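The data blocks that follow each hold one structure.
Next come two complexes, and both contain chain A; in the first it sits with chain B, in the second with chain C.
Right, the complex of A and B next:
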């Protein structure tokens, strides 16, 4: 009997530990840039702990802005400028080539030198020398991807950022709040519970996560320090305590409380614990999110009968309705310095739930998703380009991503179990 | 067939009664209930509370079979009490008025459509609308409490209307008088 119990524990442990994410690219942009990332020349004797060129290739491919040539289709694998025959790369219709060398520079100290060439003009566009320990090689790979991406698209890369999400077993009796690299690698579980965990929200410095834990007595809001694992109870009032969102300066938390009988938006100063009630309406008000100015909050409200997105001024209390199209608009997030809203959208009752973006200056709404089912929980990358969201796909809860313009799509299923509630973390430096 | 199901249900609720030692709703019992519904496809099982009603002091009141029904269902994105459930709620109201030492926690639940946070709020609305209905029927508010579980504790797992309609619900959970101390 005891033996069987131990086996059961082992199985449970291995199941909960193996919820790593994988990525399947489903759509890239038509005018993607052809690029070759040549396998790096490694002068060491043992195998490299990480395939850096491989990580860079999948980063660039996943962005949708690049079409990446497989190393098997390359005519040569140069690592020095003198071995780069631009004519060959032109023949392969490549616009850019990346070459690199990596060597061991003392104990556990790797030195990587890479060069990015413009094939057509036969000139070097970017060169960099980086050093790292073995456990930092993935960080170095993502950093190289960020540099190349920014050099060629003019947009800051987000390959070095992290995502937070919640994994659960199908019976929903065990929940893990995890963080991972933006490609799903190096998953770390930061909190486990038999209770549902949802609405994870990053602090602007990426050092803390706020989230909701739905205990038997109801929902409570916690803030957890990622380095120490210390978790601090922020709100456990009677009724709902939910939907936390850090202010742009990281000092305050907007959240939803129903202690006065009805869900309303509140703001709490995390240092002084001074509370301010922001909304006051008999309808549901929830899902607050800060505007970059720290003076306005967007939120979902049912005050017009159906959920729609509104903006409130913290100074004046003035409330303005932002969405009019569709029967259900909820859980809005801001992209590109508040120019775009990204939200859950249902065009009419009975229609599917989709992720949509809305240009706030022009009021134009665009539906971004089409292949997944019950799309929800959109979270925008810090460069405002990609939206990660949760959805159903083949009867499983998965994460998926779509660009704010709808052109790039990929799926991020977990290797086992269900995954939901993604939150894209901030830039780390 | 129908009899078999009923028999299976009563055996299971006995089993639940046997296991349940406190009035709190544990995750385990919730999943047991979920499994029951899934297997038997019958409605009124999402209750942990039956355990607490069937105590000796309440024995006579249990005679009203409506008290056995401890789940009521809602329309999509709605929190109003549907007319077909008023009789059930009236029975519970009558019981609570007659037994002021009894108390109830209403659990509000939603189907998986829509956002997690909006559903948490909607679940609370459902629980509160049942609560208000009972207050109107003369039950003291001090006997009534509510909690929302949003879409997080479905009675059944799946993504179709027959399952969603089972998940849009309010569960009526009796607390023993002991639990109030």
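Right, the complex of A and C next:
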């Protein structure tokens, strides 16, 4: 009887659900998207100053979210929709195709038109026409990469952003503060000094850089305007002046001063020069970084005996410990609206220093790096996907990048000397 | 003391008889009821089946049963689009028997079957059994058939749904922005060969990249496995909904 009843129930259920069958899919695969960027059709006679399609290809490839088809493996190089045979691209297992044409529009004015097609749905996803001067073609290429990336991943692209870093000659007698495209190209020196430069930090609008200069008289914190080159002294107190960090609104700077004996976190209003002391503990408190809400600061503290990450509320002064795993957690940065903590992590004394991410909502810690040595100074891209950090590799100080999920890794090429202290800049528009 | 004289020991006979009768009646009622409602056949253990076969020697139908059991199954299996579950044995048995009788008759005649060995069972018992069986079979046949059909259909749907699910999951490339609680529903339109002819967005996840990846996944499959039974195809797979949730996504 029971069985009969169950069957009846089953049948009833199936009858009532029969309106329309619904199949539930509960997982997919998270792998790179196959995309083809067809070489651009260029109607001019002279060679183009930049290979735009090539830059887009390497941008997308480097992001780790795409696998890019080499132009040699393409069956055709269309530049118009009517020449795009979706079946061919399906045969090549491509999911998206980008075609483009570029022409000279008057004197030194290039006009680029590109289209992004969805091969399986056989429809256009994106089309844009851009104009640029010869020296802007690289920017245009990064912008195209950004658009494609955002369309297909749902995350804003960071190919147009820039990074700041410090370079040194091998003798360590000369230091440069430089900025470059996120792919390492177009390096530009912002400031040169015979003193050590530390902790560059971007203002949220990307127009200013704060940094520490270790002068003969002691460490000093400066804020420099990138357009004019004007540098403004912010802090030259007795003892340590270090680790500046702009508040999300760009009006305040959090930094570390030891004028009262041991390093403590302070916040200074850049216009009124009003100082607030944030922490007060006999242990070292350092490396402040703002939460996106502008109301909390995370910092490294040795108050539990070993360096760990804490969070302090500026309003109430309430302090909460965030990291418990490992013997050393320091130099924390936030990713993805404060959901992930990225930091230097040592699992136990004697173990190597690694970059790790911690999901603050789930409390999971993941070690991201493994190939490099003495990993330090992590800096998170504004879209929260990549972390750039400094490390020792083949006995040189280099910059490397790893994705917050640990899946993508690459080294950033540097022209010469040692590179340290990367700071990933904000979106520029 | 006062009660004793009132109750004469002789008068006990009546109540005892009465209650005895009642009990008997109840027993009889219960037993008959039981047999009517609960299909005896469903509880017949295998060895009883065998006995029946032999008793009915005279009638070629029954002897064949045994043989049929295996063969007809296969015949049916061809029609059945989905693998069966073994659990259902009890209910199926009844149906099998019935069907065997009807469909396999001609087969029996053609094939000379090994003679069944008569067992020392009582004719009465087997006859009774037989009768009950027939009755029950007649009563239950239609119900059971319906049940079984629905059951088979359900199995087929489950099986094809499972295959479709696995296929889509194997090609669905979720974008990195996908959140584990995102959800979207597509409506898929197929032709009887299983080829996709249209994909419609019913409920968007709000994430364009995720929506597109889901649509692409369906197109990527190109051809879905569908039941060959056209009626079932029309009913369930001509168009159906696909609910996608990237529950393994990191965010």
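Rule of thumb we're sticking to: the second predicted complex is superposed on the first by the 398 of 429 C-alpha atoms of A that agree within 3 Å, B and C clash if a C-alpha of one lies under 4 Å from a C-alpha of the other, contacts with A are read in each partner's own complex, and residues count from 1 in each chain.
As a convention for this text, a residue touches a chain if its C-beta (ideal position, glycine included) is under 8 Å from a C-beta of that chain, and two chains touch if they have at least 3 such contacts.
Just so it is clear, the structure is predicted and the values come from calculations on it, not from any experiment.
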First, second, both or neither for A:121, with chain B first and chain C second: second
Touched partner set for A:171, first chain B, second chain C, both or neither: first
Which of chain B and chain C A:155 touches, first, second, both or neither: second
Which superposed partner A:331 touches (first chain B, second chain C, both, neither): first
Which of chain B and chain C A:187 touches, first, second, both or neither: neither
Partner chain(s) touched by A:146 [first = chain B, second = chain C, both, neither]: neither
Touching both chain B and chain C, residues of chain A: none
In the complex with chain A, residue positions of chain C that touch it: 38, 90-91, 147, 150-151, 154, 157, 161, 164-165, 168-178, 185, 187, 199, 207-210, 212-213, 215-217, 219-220, 235-237, 239-251
Touch list for chain B against partner chain A, complex: 24-28, 31, 34, 76-77, 112-118, 120-122, 124-125, 128, 147-150, 152-154, 157, 159
Of all residues in chain A, those that touch chain B in their complex: 170-173, 194-196, 198-199, 214, 216-219, 239-240, 242-243, 256, 258, 261, 263, 284, 286-287, 300, 302, 306-307, 328, 330-331, 344, 349, 353, 373-374, 376-377, 392, 395, 421
Residues of chain A that touch chain C when the two form their complex: 1, 3-4, 7, 10-11, 14, 18, 20-31, 33, 65, 95, 118, 120-121, 125, 151-155, 336, 385, 405
